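What follows is a set of structures to go through.
In the two complexes that follow, chain A is the common piece, with chain B as its partner first and chain C second.
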Partner chain A sequence: MNRQLIEVGVVLLFASVPLWLGNLYYLHILITTGIFIIAAISLNLLLGYTGQLSLGHVAFFGIGAYTSALVSLGFDLELTDSYTFVFEPKPVWFSFLCGILFAAVCGWLIGKISFKVRGAYFVIVTISFAEVVRLVALNWIDLTEGPMALNNIPPFTLGIPGLWELTFYKKEPNYWLVLALCVLSFVIVRRLVESRAGRAMIALRENEPLATSVGVDVTKYLVLATVVSAGMAGAAGGLYTHYVRIVDPDVFLFIYTVTMVIMVITGGKGTLLGPIIGGLIFGILPEALRGVAGPEVQWIIYGILMILIVYFLPQGIVPALTNWWRQREGHQDPPAPKETAREVVN
Partner chain B sequence: MDQLLQHFLNAMILGGTYALLGIGLTLIFGIMRVVNFTHGELYTFGAYMMFMFVMPLQTNFFLALLLAVMLGVALGALIEIMLLKPLRGADIDTTMLIMIGAWIAMQNMEQFVWSGIAKSINNPFPADPLVIGAVSVSWSRVFVFVVACALIAGTYALIQWTKLGKAMRATFQDTETAALMGVRINTVYIATFAIGSGLAAAAGALLGPIFVVYPTMGDMAALKSFAIVILGGLGSVGGATIGGFILAMMEELGAGYISSGYRDAMGFLLIIIILLFRPTGLFAQKERIG
Partner chain C sequence: MAGKANQDKALTVDGLTVKFGGLTAVDAMTFDVHEGEVLSLIGPNGAGKTTAFNAITGYLKPSGGNIAYREANLVGLNPNQIADLGVVRTFQKTSVFGGQTAFDNVLMGLHRRQKQTALEIIFGLPSVGSEEQTMREKAREVLDFVGLGARANELGSALPYGEQRLLEVAIALAAHPSLLLLDEPVSGMNPSETASFMDMLGEIRKLGITVLLVEHDMKMVMGVSDRVVVLNYGSIIANGSPAEIQKNPDVIRAYLGERHRKTKRGGRGKRRA
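And then the complex of A and B:
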């Protein structure tokens, strides 16, 4: 009960930010940070709970972004000389769902292929996948406009067509939308990892041969995690595309995957709050550094910080804080047996 | 037919440098179990050193090449000692993240020092190409091919016939037993990383004068080296050599007959195809799962 109250309070606090912040640039940073937090939450499902380091995650983000943009803008494809396939523009909410769905389908496909291998090979396969998608976006100019980018992507709208409609031109509604989807992804991941499937994922992260031996269908759960994760990353991409309203092949750059990975690792992989804390830090840090350093120096600091964090806080901030808190409480009174019993069950 | 012959020749010349990159990465990967994300930055470093020595410092071209490779070896040893030595025994994901951090830092240092503008390097070779029948090739490319082949042969000789090479092979087969037999694992690791880095720097120093030098040139080089290593099989030097030539051939033919825009995609398509049909690579020596 208490925990739920705190959760609602935190969400309300974040929801109230546009009312008192009073600076649109800061709000913009919070929106992009929120979008990256959704992507980081989705990556955490793979990296933190199944233990697979996927470095192609930006592909799902970009696929969601491009699909949503193309469906909302409409496109035509010259299939043969005489026949051209014309796709009429569709409403944004529909295109957004298409983006999620297509990203999830790609997740299923790539999961089927790449979970044949593990470890370093898996990492390289996922990077390759992201690079291939980036090169397709760059070169398939008929469809994606290549480096000229897709422009004038319509923003989100809300309401009943013809009667009352709100178009998300302003920052505030976009912020609330991103926040709502952040909360939604958090809840989805929490429900998932607390379910039977989530326990199976954690089991195979800890010891794959053992998990297999007690009947956990490894590939099934890994693919499930990838599909959910890819869909969520696709949603983040869709949010991005309809907020920024322009999308070019640079959304597939490896550096964005790295940003998501840093967020998850810093916050604490395999914890629910980790990607949010890490996301807030690494979403706001570049802006904080912008005043004192040029972009190169900023990235140098980023790289060095990443090394330092992996060295000194390999588990991330959230587990470190939790341990510290437990120890402090432990000194006052020993943990109640009920608590430990629940942990064993979980 | 002439066009095919020309593609074939180009592929042989490009393949030599790809093989250098692949051998460097496969050595590090096979012996140390480290996914070396700084490999592409060593390649860039080699190219920039070549630029520094040849252009502002006016050093002799061949001496500059030697110096660039030696500096690459030194930088590799430095990275090993500073970043990887404290991480012995850490799991593969942790070292991978450290190497990614190092990669980002290094690439942006290059951008900071030399700016993002592409640099070109003069070379002392005659401008007229070497013409053999219907195909032609520039002298500078012939030089690249000859040096690359010499370096590949040298690496083979080092691994096969020297004491260090023997220690490296022993470490590859079984690290613990090798340590029990008195092999200094630390030295082997440092040497492996330094040699691998030197080969990457050599590839960069060789290709720098042919193409242009810019800070992000290493990204594609690193990703291609990964493709070559997957193709050839983990830790297989022979596999990496052949893999380098195969990748170059696929790129040349793909660019020539399909679309030059997808030239760089060939390597990645290759990875995906190999994983579908032969997940252990062409010349794998060890099981790759685990």
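And then the complex of A and C:
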């Protein structure tokens, strides 16, 4: 009960931001940060809960972005000299779902081929995959326009065509949409993590032989995590594409994966709030620094902060805060049974 | 269904052979475990007991032989598939989910008893919540059963050694075994812990669970077993009731050397390496 009230309060607080922020540029930063947070939440499911590092995570983001853009724009493909395949533009909600689905299918494939061996192998497969997809986006010019980028991507719309429609040209509705999907991603990951599926993932991370001895199917749960994670990253990509309304092969840059990893690790991998806290810090910080420091100085500050966090709080910010909180509580009224604390949280 | 003689055979190990390069760790091992009995597999260090466990539970591919549980062939199955048939093992080297509370350790063990699919979970169907509630109660019951009820919120890695060993058994019991394989469950326990473990084994047995036990503690083996199989250098050298085994000259010979080695080594460190 308590927990739900706090949660609703926090969401309402975030939802009210456009009403009082009064600066569209700040709102823009929050929107892109929110999109990154969704990607970080999705990465955390893999990295934090199953312990598998996907260093090509941006591939799923980019696939979601490109798929949704292409389905909403429509495209022609000259398959033979005499036959051209024409794909008519589809509504954005539909293209967005296609993006999620296609990213998830790619996640399934990657999971199936790489989890036979896992560990370093998974890292390599995901990196290579991201690079391959980037090259496809760059060179399949008939489809993707290559470096010229896909332009004029339609924004999100809401409502019934012909009757009443709201097109998301403005920042505010985009912000609320991103917020809603952040909440949804968070809820999905929390449901998984607090269920037999999430426990199976954690069990595999902690002690694989023991997990299998009680019937946990390794491949099944690692693939499940990859599929959900990839689909969620694809959703983030779709949001991005219909918000900035232009997408080029740079969405596949390695630096974006690195940013997601930093967000998850500094925030606290394997915690529900970690990617949100890490995402807020490393989403807003570069923009905040932009005004006061040159680009090189920015990167240095960025790097130093990250090293400090990882050095002093190796488990990340959220676990450190939880521990500190627990100890503080412990000092005030010592034998408070952890039992009740736990029941409240659940 | 097979004939009557077969009917009470739970596990059948037939000519099981496991080789590591040139070393034959288990050599044409043949024995049965009957439904509802406690059968102990004993033998000096390096005799091949753990290797046999690993082969039975799918952690090792045997070089030869057959393993069947209640008519199902186990060779070639993954450990989780074997667990799904009700064959659940513990490990010689203490093995818990160290970063999780004792309670969550048992919840993880309950995996097999839960039925929710990923989609049901993601959509948050009410049945997910109610099953979760039932499982939490189950987890508590299992913890109480092994006597760790008061430790529910301690981290697995923070428990004292003897309690970690109990937690391992709790995790295995949570997985609803019909055949439970215990690999030296009381090693490292003090005599009073061992005594209460023996009582617990009686309780486990009353639940109708068949037990295959590997153990060096002879007092315990002779106290709890219906039958004992003795392994030496990968081969079975004796198979009979505890009383028969104690009188068997081959067994005495195999163990005499062992006892000397044991006192010289003074501890279990080397064996775990």
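In this text, the second predicted complex is superposed on the first by the 325 of 346 C-alpha atoms of A that agree within 3 Å, B and C clash if a C-alpha of one lies under 4 Å from a C-alpha of the other, contacts with A are read in each partner's own complex, and residues count from 1 in each chain.
Following the convention adopted for this analysis, a residue touches a chain if its C-beta (ideal position, glycine included) is under 8 Å from a C-beta of that chain, and two chains touch if they have at least 3 such contacts.
Everything numeric in this text was worked out from a predicted model, so none of it was measured.
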item: Fit or clash between chain C and chain B when superposed on chain A; value: fit
item: In the superposition, chain B vs chain C on chain A residues touched; value: B
item: Which superposed partner A:Ile31 touches (first chain B, second chain C, both, neither); value: neither
item: A:Arg199 touches, of chain B and chain C: first, second, both or neither?; value: second
item: First, second, both or neither for A:Ile124, with chain B first and chain C second; value: first
item: Inter-chain angle, chain B to chain C through the CA centre of chain A, in degrees rounded to a multiple of 10; value: 80
item: Partner chain in contact with A:Asn139 - chain B first, chain C second, else both or neither; value: first
item: First (chain B), second (chain C), both or neither touched by A:Phe254; value: first
item: Lowest inter-chain C-alpha distance for chain C and chain B in the superposed arrangement, angstrom; value: 13
item: Residues on chain B engaged by chain A in the complex (per definition of touch); value: 29, 33, 35, 83, 86, 92-94, 96-98, 100-109, 111-112, 219, 223, 226-227, 229-230, 259, 261-262, 264-265, 267-269, 271-272, 275-276, 279, 288-290
item: Residues of chain A touching chain C in the complex; value: 187-188, 191-192, 194-197, 199-200, 202-203, 206-207, 209-218, 224, 228, 337-339, 342
item: Complex contacts: residues of chain C adjacent to chain A; value: 57, 59, 78-80, 83-84, 88-91, 95-100, 104, 107-112, 114, 116, 118, 121-122, 124, 128, 132, 135, 152-153, 171-172, 174-175
item: Contact footprint of chain B on chain A as seen in their complex; value: 53, 113-114, 116-121, 123-125, 127-129, 131-132, 135-136, 138-139, 254-255, 258, 261, 265, 294, 296-297, 299-300, 302-307, 310-311, 314
